[in-house]
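A, B, C and D label the chains in the order they appear, each numbered from 1.
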Amino acid sequence: MNGLVVRDVGKSFGGVRALEGVDLDVAPGAIVGLMGANGAGKTTLFGVIAGNERADAGTITFEGRRIDGLRPDRVAALGIARTFQIVRPFRALSVRDNVLLAARFGRRPRDDDPAATTAAALADLGLAEQAGRPAGALTLAEQKRLELARAVATGARLVLVDEVMAGLNATEVAAMLDVIGRLHQDRRLTLLVVEHVMQALMRLAQRIVVLHQGRVIAEGEPATIAGDARVSEAYLGAAP
Amino acid sequence: MTMDLIASPQLLFSALVLGAGYALVGLGLNLVYGTMRLLNVGHGDLVMLGAYVAFWCFALTGLPPPLAAPLAAALGVLLAEALHRGLLHRLLGAGAERIEANSLLVFFGLSIIVQNLAALAFTASPRALRTLDDVVHVAGVAMTESRIVILLVALAVCGGVLIGLRATVWGLAIKAVIDNGRAAAVVGVDVPRVRRLALWAGFAIAGLAGALLAMVEQIGPFMGFPYTIAAFVVIILGGLGRLGGGVVAGLLLGFVQVYGVALTAPTFSSMLLYGTFVAVLLLRPQGLARAARIRS
Amino acid sequence: MTPRAGIAAGAALALAGAVPWLVGPYGLTIALNAAMWVALTVSWSILGGTAAYISLGHVAFYGLGAYVVVTSWQVLPLVVAVPLGGLVAGAFALTIGWPVLRVRGPYFVILTLGIAELVKYAVLNVEAALGASSRLLFGVPDNRTLYLATLGLAVLAIIVAALVRRSRLGAGLVAVREDEVTAETIGVPIGRYKVFAFALSAVIPGMVGGLMALRSAYFEPLQVFNPVISFTIVTMAVVGGAADARGPILGALLLVVVSELLWANAPQGYMIALGVLLIGFVVFAPGGITGALARPRP
Amino acid sequence: MHRRTFLALGVAGAALVAGAAHAADPVRIGFSIAQTGLFAQAAPSQMTAYEMWRDEVNAAGGLDVGSEQRAIEFVWYDDESNPTKAAQIYEKLITDDKVDLLLAPWGTPTHLAVAGTLEKYGFPMVGNTAASVAIRQVAPGNIWFPTSAIPDKIGPALAALARSTGVTKAAIIANVLPFSQENLEYLVPALGAEGIEVVINESYPPDIADMTTLLTAIKDSGADGVIALSYPADSFLYMGQAKEIGVAAPFQFLLVGPTIAAFADAFGPVADNVVTLGHWSPHQAAWGRAKPFYDAYVLSFGMKPDYLDTALAYMSCEILQQAVAKAGLDKDALRATIASETFDTINGPVKFDGVENAITPTAFLQLQGGEMHLIWPADVATAAYKPR
């Protein structure tokens, strides 16, 4: 196994267990979906993998190297990028500068032509025309794509995609699915995708992992998961 | 120094008086910062104005400072209102990311203006007044009357504000605005009015503190700056916008200085003050109250 | 830099270098003030302008540099002592940088103020313990020499600040200003960058402090650790517009000139006028001079 | 708007400076004042003396410059309590404003900073509010210090005074600022030489907020003499807390503070019999000018003068006035006259030896019934020492 390997990871916040004994494998080139109700621990897991949060227990390896406990910039340097569910553009900077920053930093060894990388990422995400605008002025759909453009521009081989379709309308969701599919194919990216829009996840992912209250409760192909009683219970039970 | 000294209630009294003063001056600043995110580096100058109110009332009419304190507080409210109408709406409208730097500049400017106007009006010669300077002995502790008044009024005001915040609608509204202005507006809190009220209260408390401290300090146009620094140290230590945390931090600093000196040497008095502040912030980057908040 | 800007900068530098031969002794002291504040404010902006970490404690670096030069007076030659003052300031910033720069926003502002006060009282205690109650400095260099040296530091500060802004370091610091979490997630080593920039922004103020200690024959710690120096630096940077490379230079020059004019013409009221001016700036040019200049652009 | 404010202030400032001039060709006298900054609270004690002197001289027809009488006009600037800025200002006064005479700025560091400028231009100035052994290291010829409050003399004199009052065990507390520490340096050996045991010797920072521990220790130490080498703010703190804790030593000395009018306002009889540093008192009948000065000052400003700083500032004006009457405005003649003549001041005769006042002795004052009396040395004393 050469991709992302998460073993027995735990994380608590002031007594609340956000993650407990989580195992997860993402093979190189795969698209794995991560499902779960609100508060299931999906974003926390992303934070722990990307280094924004420090795991209390367990190990995480990527391409054979331990990455748990590393700072986010070290994780990024090893080739993992993430997007944020609640978008975090550099609002005062132009769209181009947002992506350029990611290209100038990101993975190591350093990108020797960040401008070209930026242009390509903007083109792939359909943001070329917005390149000169301040990021804060974009629509939500555009800002979600900017999150992806920035992640891609870091030169990452594994991108953690956090609900880039939430809040988008049907047309925008379809477009986003296209974009992600193309990124996966053209750039041979490995993707770990958190998504609330079930349909979308079913179409996109080859394998799905379900988190519930910080634990993995199911794992398998989309069709299997769709029929899993525990999953529907977790979802329906969590619904108000 | 000896252990007898550490156990002496005399030390406890002094620590309480000093700490209550810090807590009171900090409380006013915390109300203003918490609700508006304004870095009021002119806070100590309000203390100075309050002290002059007490001085002139005493010098001209013989009115003792505890009775002049409400007048000093009223002056604070007047200034707060003038500031609110004249400047603050512009400052607050200018976008959140600039508020801190710009408010620093505005209040630095105001501070310079107020100090120098006071120097023009009253001259920079130090003033002082003598009142309530009899010493009362209770249970072996010698206490100057003026210092008892400072302690009691400061604790009463701090306690009153903290209780008021829990028990009244306005108090809850202030807490809500401190916690999250946008969310408070969503649930129907009249945020501009609450901010104005907090500004009134903050300035009034500073003026009142000045009137009280006039009994034990030299009064001069430039006396405010050390209070500004002390107030910031207190509210940062307690956690910005955490009113209770600030009061605790103020008292703590009083104890650190009095007992710290008793345990080490007087020459470390200031270093203990700033050293405690720096050490706490390095260990808890959001101040003392942060940890307590997560637990609750 | 465009050729035109290059020529303009060269001309300005030549003019600044010729000041001692163009103005009288009093004019020279004003030019020295201007060079000093430009050097301090531009250095401050290396962290304060790019990453918007507002240090209200830069006087600590200034004072430490001054203290190094004063204590080594007539032991070390100035060409050694002044850079040593800068190094000590930089080393101090490096030492405290790791823990201090974890603290953000207003907490950082007041923490740095507190640290500067702590350093001031520590030096006062050291002086008292040494029994060094009055240090007189004889044979200090004349103002022309001090001016040229300070001007050199100002130019150095401008060059360093410009290089930082163009470098990966500068880009990373801008990312820190915009959003620290995102910055480190896209690979900016924010801890290292902030500490390095903090240290870099301390070195030149340390050297400036060392030179300025020589302007007065008598050394008193309260003077070189006066927190008003920190407040003035921040004021100048904000008035100029700290986010822009030219801002700190313009802010420092403007305030030196305006306060000099007011001071000379209205001894009673100049401080009040300065206060009014500062408020006016926030009201009418909330982005500073450079912000106001840039505004007409859509 | 800025422009208008600026102009208005400029006009106001000019009017203020011009207000005093009523002769066609006034003598322009320059100085810097610590209007803002660290020394701002102390500076008025000096400025009021200057103003009073100017008004008196002008009312009497103007300054006698040898051949004629000319009105005095002040040219002054705020030095922001910054010695460097003060040096700059004196440079400006001499080269730009081309003043005829100079008066001194406030404070030791400021005097020392200005001394270099005076030297550079050969411009004579009579100093006043500087007190440090460092002044002796200043090259003589352009600056003179009428003060007799210099630490290496204060130490032995204070020890001798303490001994004479019966002190056997002394507690010393000292501010860490230079003037206090300099005094400490000379005081401790002097006390030893007088056979006085030092039972407590502690220093404290200038912004100390509470002295309970210190004063309790002093009270418990059985010291019969307390010597606080204090600055004004800590003198206030000491006095208030010493009363609360009940420090009962018969001899209590505060270095700087009790000569300020506000000190007596704050403590009244509580501060009675506190000893402090100072060499002038209006009660010394042998100094004919002393009492009239005091009365005129109280009349003008509604408060008592600072017995140390205001007196020194006024003395420096008197010396300058008498020297100018003899030598005129020529710098060389003025320099020679100040250096060699004996002057009649509110503090009695003054004559300089090098930069120092060779006549006025190092002396101490005591607050007795709200009045400041000289109690040491015997030949100038206006009252006998009283224990607290």
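Just so it is clear, a residue touches a chain if its C-beta (ideal position, glycine included) is under 8 Å from a C-beta of that chain, and two chains touch if they have at least 3 such contacts.
It should be emphasised that the depicted structure is a prediction, and the values quoted were computed from it without experimental measurement.
Counting steps between touching chains, the shortest path from chain B to chain C takes 1.
Among the other chains, A has the CA centre that is most remote from the centre of chain B.
Rounded to a whole number, the gap between the C-alpha centres of chain A and chain B is 47 angstrom. A straight line joining the Cα centres of chain C and chain D is 35 Å long. Averaged Cα coordinates give chain A a centre that lies 73 Å from the centre of chain D. Looking at chain A, no residue sits in touch with two or more other chains. Annotation for chain D: residues touching 2 or more other chains are 35-37, 176, 203, 205. Chain B has residues 115-116, 267, 270-271 in contact with two or more other chains. Looking at the complex, you find that chain C touches chain D at residues 24-26, 29-30, 121, 124-125, 127-128, 131, 133-134, 136, 138, 212, 215-218, 220, 222-223, 226, 228, 261-273, 276-277, 280. Partner chain C is touched in their complex by these residues of chain B: 33, 37, 39, 41, 87, 90-91, 94, 98, 100-102, 104-106, 108-113, 115-117, 120, 229, 232-233, 236, 240, 267-268, 270-271, 274-275, 277-278, 281-282, 285-287.
Here chain B touches chain D in the complex through residues 1, 5, 8, 10-11, 14-15, 18, 115-116, 119, 123-130, 133, 135, 142-144, 147, 216-222, 226, 254, 257-258, 261-262, 265-267, 269-271, 273, going by the rule given at the top.
Those residues of chain C that touch chain B in the complex are listed here as 52, 54, 99-100, 102-107, 109-111, 113-115, 117-118, 121-122, 125, 128, 227, 231, 234-235, 238-239, 242, 268-269, 271-272, 274-279, 281-283, 286-287. The residues of chain A lying in touch with chain C in their complex are 50-52, 71-74, 76-77, 81-82, 84, 88-93, 100-102, 104-107, 150-151, 154.
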